[in-house]
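A, B and C are the chain letters, set down in written order, and residue numbers restart from 1 in every chain.
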């Protein structure tokens, strides 16, 4: 079950990378690089900042093959389905949720030095959402995650990470915590898309 | 004294991040991310490149809380004081000076491999100034630090780092070296602001 | 021979950084930072992702001095030679080829965890080409490497890395593998420049 979800998470993230790269009319090289960056950027940043070696996509190499395959196949398609972005809402919510909770769990279980729940929650958000941020920066856009036009995304991730981290310490066990956190994020994210929930812009 | 200065340095850097994020009309998520990036980016880059673990804001977690608090509070304010940027000149000069000297000191004292004074001076400048560079890149601007419109900033940092590194080897002791370097940077930076000192632009 | 080629590679990469920084009319600080980033960015990223310490330009410090010297001298010149970019085609092809093959070799010989030939080939391309990508991102451009206007570059690097990695396992020995890979990249790259070979753009 978790394996299938992880695969879905990587697939959804890679598809968003593909969409971004094609909207910028990059070539095959650009599509591959941006797809890798969006799919693996958040987790790689977490691993580098927490000094975890090897990186998750070096340890689980099949992820790298899958993303590479999506990028190549996705470059060769003459056109992407028009509604791809809308179809991706649910898999993306699932993927972002799973990446966030796994990221927070990896951070809180760091063995070489203590990481507090507060910092672990930030690492969870980073794992779940920073692939897209790095992709936007590489494609010369202000990251959509930072902008008020974006429906709630990092906020859903952060709340779910706290649900996971707080339940983890109770007698309910790690599985209940993991699934509660994941479901919280998915429901919040789908609600944000459905009712177009956003944070207001700040002013200079 | 050093503790108070360090706190001031983090506060000043976070305030600049806040100013930058609000000038781009980001939302709460964007303000938090950019504020973290400007406040912690330079030191994090130094720690990652020198393989120092845990990162300074994981080891001294209260810094992360302070920056988080500034970002949240600063997002909720309806307006920032108009002259905030001018008020920040002195605290920013102090903060940049302290970050630079501490960064150069951390680099020169690396235990796992030798780091020469020349490289340590570059790590000092990186620690003191690259938070703003990363913030500008994330906000889709050419870094102001790289442009001829900027009054002397990295240059002041570099000269002060050399003052620190050269005095450190003498019989005057590390405290005299630290304060001489810091004061040099602050005075040079305030002079650069006062007399609008800049480096010329290059041409293609 | 290898020493001389490595020096040439660093010189060519630094010259491209200089050209980029001057085309953006940066000041001395900007020229130094962008030149360092273009010359050392790819190798540094490889070292950080593979957890190799110290970084190659900390271990071989004379590279840092050379790049620093080029940046300072190149900032002070009133004008760069008009045809510099064309003169750089051959040294850049040589430099990119050598960086790629050395990068793939460093990755495949990682001792702390296994790195497959597929991942090693990606690290080779990263080492050879990502300095320019990071420079473009810092200068607020969509990386030229990702765009269909660019003649084949990463593609040449990738094919040559595979030539090296496949021959390395045979009885021909590492030297034959290294030179075959390098020559493959140089010839492919020069052919791409000569006949203006490109990859097509994708569409949204």
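One rule holds for everything that comes next: contacts are C-beta pairs under 8 Å (C-beta built on N, C-alpha and C of every residue); 3 or more make two chains touch, one makes a residue touch a chain.
Just so we're clear, the structure is a prediction, and the values are computed from it rather than from any experiment.
Both copies, subunit B and subunit C, contribute mostly unmatched positions to the interface they share, with under half of the numbers common to the two. A rotation of 120° superposes the C-alpha trace of subunit A on that of subunit C, rounded to the nearest 5. With centres taken as mean Cα positions, subunit C sits 30 Å from subunit B. Shared interface positions of subunit C, defined as residues touching 2 or more other chains, are 48, 51, 137, 140.
The part of subunit B that touches subunit A in the complex is made up of residues 19, 21-31, 33-34, 44, 48, 51, 53-55, 58-59, 61, 64-65, 75, 78-80, 137-140. Residue ranges on subunit A touching subunit B, taken from their complex, read 48-49, 51, 112-113, 115-116, 118-119, 122, 133, 137, 140-143, 145-148, 150, 153-155, 198-204.
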